[in-house]
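My structure is below; once you've seen it, I'll send some questions.
Think of it as A, B, C and D in the order they're written, each chain with its own count starting at 1.
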Amino acid sequence: MSTGRLEAFSDGVLAIIITIMVLEMKVPHGAGFSALEPLLPVFLSYVLSFVYLGIYWNNHHHTLHVVHRVSGGVLWANLHLLFWLSLIPFVTGWMGENHFAPAPVALYGVVLLMAAIAYTIMLRAALRVEGPDSPLARAIGRDRKGNLSLALYVVGIMASFFQVWAAGAAYIVVALIWLIPDQRIERVLGE
Amino acid sequence: MSTGRLEAFSDGVLAIIITIMVLEMKVPHGAGFSALEPLLPVFLSYVLSFVYLGIYWNNHHHTLHVVHRVSGGVLWANLHLLFWLSLIPFVTGWMGENHFAPAPVALYGVVLLMAAIAYTIMLRAALRVEGPDSPLARAIGRDRKGNLSLALYVVGIMASFFQVWAAGAAYIVVALIWLIPDQRIERVLGE
Amino acid sequence: MSTGRLEAFSDGVLAIIITIMVLEMKVPHGAGFSALEPLLPVFLSYVLSFVYLGIYWNNHHHTLHVVHRVSGGVLWANLHLLFWLSLIPFVTGWMGENHFAPAPVALYGVVLLMAAIAYTIMLRAALRVEGPDSPLARAIGRDRKGNLSLALYVVGIMASFFQVWAAGAAYIVVALIWLIPDQRIERVLGE
Amino acid sequence: MSTGRLEAFSDGVLAIIITIMVLEMKVPHGAGFSALEPLLPVFLSYVLSFVYLGIYWNNHHHTLHVVHRVSGGVLWANLHLLFWLSLIPFVTGWMGENHFAPAPVALYGVVLLMAAIAYTIMLRAALRVEGPDSPLARAIGRDRKGNLSLALYVVGIMASFFQVWAAGAAYIVVALIWLIPDQRIERVLGE
């Protein structure tokens, strides 16, 4: 079974998630720039989530380049990933509207953590089909970036109850780690 | 006429349905975890509907692998299926917001039942094009899973007026039956 | 220039239009079936618009099968068509929420009329590229179904101010005329 | 890395942006034509933004025809472009609901300006991959239309605080400049 329709469906869902998030930025009633002020935290949350979804799309794109067959397990692992990503507009809106209060910031981190775990599960499911000597296996390697991200999410979730800005910093650091397209896979593709 | 654009359009509609459902989970105004409590039934409904739509996408994907030509009848049978699936966000929201009251739970089952009937009609329309000796015919066989699902939906709809949790159980059992990707078609593809 | 991306973009827009229409059916607050009663006209409007958008997708699909090249004029004629179709969720919601009052029913007809005119313009633009002896030209022929539809829309728009149900009947008749997939093109394809 | 999935994802996002904009036109409660009057500025804003998004889709489509490889930089430059375009429904709604007040008209121009800059950055990133003698380089040339647009946006943003209709005129002129599909690229493709 080919990866074509899996990519098409995932692209569709990711494109919709990234776009409907903007609907959480409700058009304000005032006509002056001051009417936009209360929207600033919603906007900042939107930017962060947009970058995260861009990273997921980017890595998804890169990973499927070295995946050749898709099993039922991979299909469901992918849907599981999309499930957690589909909750991002909700937690983005909750975090933004409450001006980065502890509980929403923690829940934002939980959804990011679950999405990261789901991505890891999907990679494992794909690896089982591709085999340990596949380009995918070489590309993933020991998955240091993935493991570091999981640790940073946990730190961020816990920090949100003490120093909410530390949580934000943790989430931003994870984004920066991944902003660089996955060089492991580009290296393997280049071989 | 090829199946390509039928798949693309169906993928698009399914991707949108699965994603806009999350818009029914309105961002709460409170900033504490307790503000999420009233959303729990909406969230549970969302999870169930997400799984159902994942199953439909999965089976649709599998089925079209053994379909080679598409007639006008198949196109309209597919649109008929998408019509009932498009009502899932509405019934999911109604069921969740009313904390699994009898009428919304029954209507949820009715929409699932109609979608299942629409899927059966689409299979029949495709069979008429492919013929009784086609891989599709062998893959469908006597369609025991399909018939069992129809029966369970009817049981669930009736149960919702007496024991609402029995209805929920019936819907969950149907989902579990189908969570395993359609082995009939995988078996035929493997031949 | 090929038709691939034109189809993909049109499929995307049509899939979204057909799906977000359902968002106009607001989840009611009551938990009984009686809470659904006020939604009945919205639901009926939704069914009619779903069928119309299905017809447009279907005919778009059929037409592009006999189109080989796409000019800038065709691209913009297609966007013009999508513009009018994008207004269907709005007029569907207005017509449904006002229980088929004259003005919304007339505006519904105006949007359908403009979409039909836009479709005709797109066919003309494609014909200019394909030439008068092309399969597309043979498929369109004298476009009797198209012209009859335009006349029926005008009748419906005028009727909506006198006998609103006559307008509804006119719109339903147009839908029935087109529900049969475009045999002209299927005949040419069969040659 | 091919341009296929980049096109598919961009098409998806553009199709969603162009379609959800219509959700800002809230269905009015009255049943007469007079109920539509307050919506007129929202409708006019919608038409302008629809044309702009159509232009972006069209030029994106044309440009990727002469792009052969996609680097990580191009992927992110494309996401950056989609980010600014995703804000168009918000500024369209704000501008329309406030009947073209100065601040919303200026912000509308700022978002258009940022999108135009993002498009220029994407072209530069693609040029770095394709090289200075590529068809893309010949197609872009000195990018006079791009530079003129940037200047007109700046004029429009400043004008919005003095003569709001001059700002509107500037935005409409930019749209008219681009409505003609990018002949530079068509010319190179024709060679």
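The working rule: a residue touches a chain if its C-beta (ideal position, glycine included) is under 8 Å from a C-beta of that chain, and two chains touch if they have at least 3 such contacts.
Only a predicted model underlies this, so the values are computations on that prediction, with no experimental measurement involved.
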Chain copies touching (chain A, chain B) - same or different residues, decided at half shared: different
In terms of CA centroid distance, which chain is the most far removed from chain D? B
To bring the C-alpha trace of chain B onto its twin chain C, one rotates it, in degrees rounded to the nearest 5, by 90
Compute the distance, rounded to whole Å, between the mean C-alpha positions of chain A and chain B. 26
Chain A and chain C: spacing of chain centres that average the CA atoms, whole Å: 37
Taking each residue of chain B in turn, which ones touch at least two of the other chains? 8, 12, 15-16, 20, 23
Quick check on the complex: what are the chain A residues that touch chain B? 1, 5, 8-9, 12-13, 16-17, 20, 23-24, 72, 75-76, 79, 82-83, 86-87, 89-90, 93-94, 97-98, 101-104, 107
Show which residues of chain A lie in contact with chain D when the two form their complex. 7-8, 11-12, 14-16, 18-20, 22-23, 25, 27-33, 35-36, 47, 50, 54, 57-58, 61, 65, 179-181, 186, 189
